[in-house]
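One chain, chain A, links the two complexes that follow: it is found with chain B in the first and with chain C in the second.
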Partner chain A sequence: MCVMVCRPSVPVHTTTDRSVATLFAYVTRRVLISVPLLVIAMYLVHVGVSATVDPRSDFYLCLPRCQEGFDSITETYALDTNIFLRPFTYFADLFSGDGLGFSSSVGEPVGEVMRTRGWNTAMVAIPAFLLGAVLSLLLSVYSARRQYSVGDYFFTGLSFIGFAMPSFVLALIIQVIFGVKLEEWFGIKPFNTGRKTGENFWELLRDITLPAVSLAILGIAADSRFGRSSMLETLNQDYIRTARAKGLTERTVVWKHALRNGLIPLVTLWALGFSALLSGSVVTESIFSWPGIGQTFLRALGDSDLDLLMAIVMFTGVLTVIFNLIADVLYGVLDPRIRLG
Partner chain B sequence: MSDALLTVDHLNVGFATRAGIVRAATDITFEIHPGEVLAVVGESGSGKSVTALALMRLHPDNAIVTGDVLFEGCDLLNMSDREMRATRGNDIAMIFQDPMTAMNPVFAVGDQIVETIRVHDSSISKQEAWTKSVDLLKLVGVPEPKRRASQYPHEYSGGMRQRAMIAMAIANDPKLLIADEPTTALDVTVQAQVMEVLHEVQAETGSAMMLITHDLGLVAGSADRVQVMYASRLMETGTIDQIFYESQNPYTMALLDSIPDLDGHREQLEPIPGNPPSLLNPPSGCAFRPRCAFAADVCAAEVPPTVVVGDQHESRCVRTRELETLGGEIS
Partner chain C sequence: MASSTLVSGSAEIAMATEFEIDSQTDEMLETSMELRVADVEGLSEKPKTFGQLARERFFGHKLAIVGVIGLILLVALFWLGPMLSEWEFDERNVADRLLGPSSEHWFGTDEIGRDLFVRTARGGLYSMRIGLIAAVVATVTGTAFGAFAGFFGGVWDGIVSNLVNLVLTVPAIIVLSVFANKFGASAVGLALVLAGLLWTRIARVVRGVVLSIKEQEYIMAARAAGASNSRIMFRHLLPNIVGAIAVEVTLLLGTVIVLESTLSFLGLGVKPPNASLGTLVADAKGDIDSDPIRVLTPGIFIILIVLCVNFLGDGLRDALDPRAKGSDSSEAKNAKKAAKKARKQSGKQGPGYIAEARTDRTSIGKI
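Right, the complex of A and B next:
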């Protein structure tokens, strides 16, 4: 005999289910929009790089004598094809097994160069991003909550200095003080002056600290300003007063109700900033002799290394599109109103 | 009276500005009894909202608040932040003017109600609180409350949002409900519905209500007592009949003359001449003097004291006695 146990049915909490459905539709939409964007970007990048870089530049001066070398380069890069058609040849090669080509300036396959240099850049970029994001967030909240306090003015002043200072000046100052003078004055050398020397983790940490910090400072200066005004605007909204009237603690009001809304503008800045960091910084990497993508880019440009240049610019383009997509998705996650758009 | 739920005694709210101190609420003294509906009426800027926010200690940081506010014998202005938080949303709940901006756009309506319930009683599980918020939405007349609870504020219409705000406010059965112009941002048909909901829940929970509005028409059908404010001060306090039919204060009378009468008795509306005074630099004596039809020299001498003119009926006018004899001329 079956006894039915009567229990009050537990209502299903449906907020999440429905949100996930709308969110999924929104993300799918954003991804589909990114595909044609990426194709068009790649085409334009290729035409642009082809139009500005000529790997035969050294050969023009000796032309009649070195016609053979000239022609072989012309053939390698298909330079006699119309510039607007060349991307098609390039992408056909890309998928037919030639890959990204061979880097004439480094002397390795481009794929290999991108992998090692890309990893080096990421080693600096990821800590720089994390440091920058956390500090700019904390500073935004601090400055917004204590508007016009001494601390607020102090950080405002600092960020204006950081804003106004060119990145090479900042990097040089950091390099000189922490990399060189600290040793002269106190005989301690907590950080390496850049250049990838590290074998173990701690050595590596000493290597990346200075470049990562100087990259982070540049981001913090800008992001904390935007974050402050965004948080200020949010904290003055009616729903913050409602949240207080509900009897919530100040912590919940600020870190849950205000932050979720105030964060939205920062997300774009972070996503674009992170993609810029990952595609390498020419100036900072040069000053700290860091063998990343930025430094490699400079070298490829000097040597008219077409395949490598193409790969780096494409990499930057792909990163930008991907991180824009990530920003869009995070927007949707943070703000349900955007999912419908 | 000792049985008062809320006693406000000589409450002053000022704002320190560069130009000087702006007195937004001056010498406010009143009581609210359990289950009673007290309407606070006045023009924009007369200090109604500021008074309410000061009671909840939600006033802006640059406000200077003095006086005594006793809620069930507890001093609201001097209790600790922790005690104040435990009171807010629990014993005293507030409904705000603009439902479009008063709810957080990034959280589902049901979740916002759940939060209100659980912040005051963490022993209630999320599921129980969710069931309760669905019930509350049903109570305030939100159709399909189960589905609507998981929606976000932008998926609600203005009237529905205000209903949801009411649901949120009554979630913990407050003893006092402060409704700050709850229908001002809504269109007229929705106003009536929302007021009806407000009355139903007020009757159901037995809570007292402080209804802040500038709409005398709204007050007529809903309040037990009325308090008229002008330029940061209380001008007249009385029962609804005393205010509407036996008003002893020139400002209240002028206010009543300026509203349309549905029965069509009034042929022409009488606007009050002039503008409300600057609170930074109010006129000497009675603040209404420059616009008052009965102003005399005596009015400029000093701020008129409140005069008891009847049972529960007080008026702030030095010429109250004289006006009684003038009464025939006015009507």
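Right, the complex of A and C next:
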């Protein structure tokens, strides 16, 4: 009878309290779902990678003489155990003193490699992201305001081409034009770690520009299209008409009223795009000789550097999960109509 | 709709319902059934079937026509070109190495004197073939998983959804590189690796469509009439998701070709003696300072192929837009209105698919 009435009284929350609590619960739940998924994915990737990559491949030819090296590699990667059990050895090592292991291709501990290369990647990824975000925002507002104008058609055409363009073709074209033909403007020089310090900021900027720009362009092609349709939809809403009817200036209407709603889907895309950029771009980095995660990955793959490969897989996997979560949370925060479920 | 044509009498109701449902799907299957309801609603003109509308929209879509013609021309060039040329695909002639384009060697020669036109044509066909196999395999797998999850729901839905999430958690390009490096030697192997990571998007799309369709009255009616699960699936669900699948498969084709060429460019995909457009770019990369044209020709062909495929997909999307179908095809008026709206949008709204394909692009394409 009194089931409904006699429940312990629920503490009264303010709205913000409750939404913060909901958000927290949502994030916790998502993380709890993601962790086992990530572990299973890591397990499968480890099995797959160790089935296809053989760290001992260089040793087979000289076998009787180099038995010692052969054995030590076998021991390091636990190659004599069953392939389905090897991931457990790897996970056990992760939590013991060994950490991420030792990279045979670079010759440094994997943790150290990931730190320096990750920082290099970030140096290109952050400017690329900022440039891409600003340009795609401006382009989508422009195309939405001037729908069917010559400029709109021009950018639509460009984005079609950009969308069909593989990243290596774009990077090579940029390299041909700006690296070769205009060498006096942008010399393409191999990355020099000594040059990263603040005293040579301009040289660093010169190294970063081309890879960052080519990464930014790839994102802009798709983002600006998406932003355009989102802005168009927003600009056709009733509340925009109301704002205009109130006599607000066009600038206020577009940049204050419309942008706030039109931007929401773009923000999600930006979050996802940023995570892709941070995980390192294999093609762009290797074309511009930039020693980031992507280039290191290619090297690790070529040299069968199992520990480094696994660390990169884990790094990108964690990044993807985190930024997907950020994207979803941002969507919910920016658009209160969307309930985080 | 049903009430106007139903025969009274309890025994016949079930049959009549079933008949109605079938006719409904048939319209969507482009058979020329007419919407008889039109008369009921007092429309004097003959309403068009969904198939007719779709065809009209597709052929009215300029970009789609450009895409189709472009693809036909490209295939013809790649297929017939080498037959007209006197050179073989792997015929070396070191004396003629690194020649520029001429009437003899249309695209010039590479560093061991092989004719680049023949190699480009052969590589283009190889890329297209891998793309086609991968797209078809991914589509079939994705459709099967998606339809299964959407239709049976519950535990099955949970399993498939988590499987999709699992594949999405894995950093695609990294895994792709590892496996492509191993299996890239054969076209089918590479295609299967690509398909293994690309089926998820189609599975999600199909699952969503099936989830929304299966709650509709005509499915319920079919169930009430005693139709089996497989009959409902193949007779009533599948025809309704064919449009969505057709669009997905074309858009996927573009993604796959870009991915394959990228992997091959990195030396992880197609292996010699085979050549794809990606390996041709990689071969010429070293001489980019002195001979940029040799690098850019295969690159431009990749762009052209993907561009045409995307135009085609864009046209298909507008033609088969589910919004134009209307949730209930008895609403001939509404369907026409929606079709008109869709046609308007197809002309004006531009490439909407870009936004939707974007998620894949961020996780896979931008490497």
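Before moving on, here are some points about what is shown:
Here, the second predicted complex is superposed on the first by the 238 of 341 C-alpha atoms of A that agree within 3 Å, B and C clash if a C-alpha of one lies under 4 Å from a C-alpha of the other, contacts with A are read in each partner's own complex, and residues count from 1 in each chain.
Methods note: a residue touches a chain if its C-beta (ideal position, glycine included) is under 8 Å from a C-beta of that chain, and two chains touch if they have at least 3 such contacts.
Note that this is a predicted model, so its numbers are computed, not measured.
Touched residues of chain A were counted for both chain B and chain C, and C has more of them. By the document's definition of touching, neither partner reaches A:T81: not chain B, not chain C.
Shared-chain residue A:T242: touches chain B; no touch with chain C. Touch criterion met: A:P336 reaches chain B, while chain C stays clear of it. When both complexes are overlaid on chain A, the residue A:H257 reaches chain B alone and has no touch with chain C. Using the contact criterion defined above for the overlaid structures, shared-chain residue A:S279 touches chain C, although it does not reach chain B. In the overlay built on the shared chain, the residue A:M165 is in contact with chain C alone; chain B does not reach it. On the chain B side of its complex with chain A, the touching residues are 56, 58, 85-90, 93-94, 96, 98, 101-108, 110-111, 115-116, 119-120, 126-127, 130-131, 134, 146-147, 149-150, 152, 154, 165, 168.
Taken in their complex, chain A has these residues touching chain C: 34, 37-38, 40-41, 44-45, 48-49, 52-53, 147-148, 156, 159-161, 163-169, 172-173, 175-176, 180, 215, 218-219, 221-223, 225-226, 228-229, 232, 265, 269, 272-273, 275-277, 279, 281-284, 286, 294, 297-298, 301, 309, 312-313, 316-317, 320-321.
For chain C in complex with chain A, the residues that touch the partner chain are 162, 165-166, 168-171, 173-175, 177-179, 181-182, 254, 258, 261-262, 265-266, 268, 278, 281, 285, 288-289, 292, 295-296, 299-300, 302-304, 306-307, 310-311, 348-352, 354-355, 357-359, 361-363, 365-367. Looking at the complex, you find that chain A touches chain B at residues 10-11, 13-15, 18-19, 237-239, 241-249, 252, 257, 260-261, 334-337.
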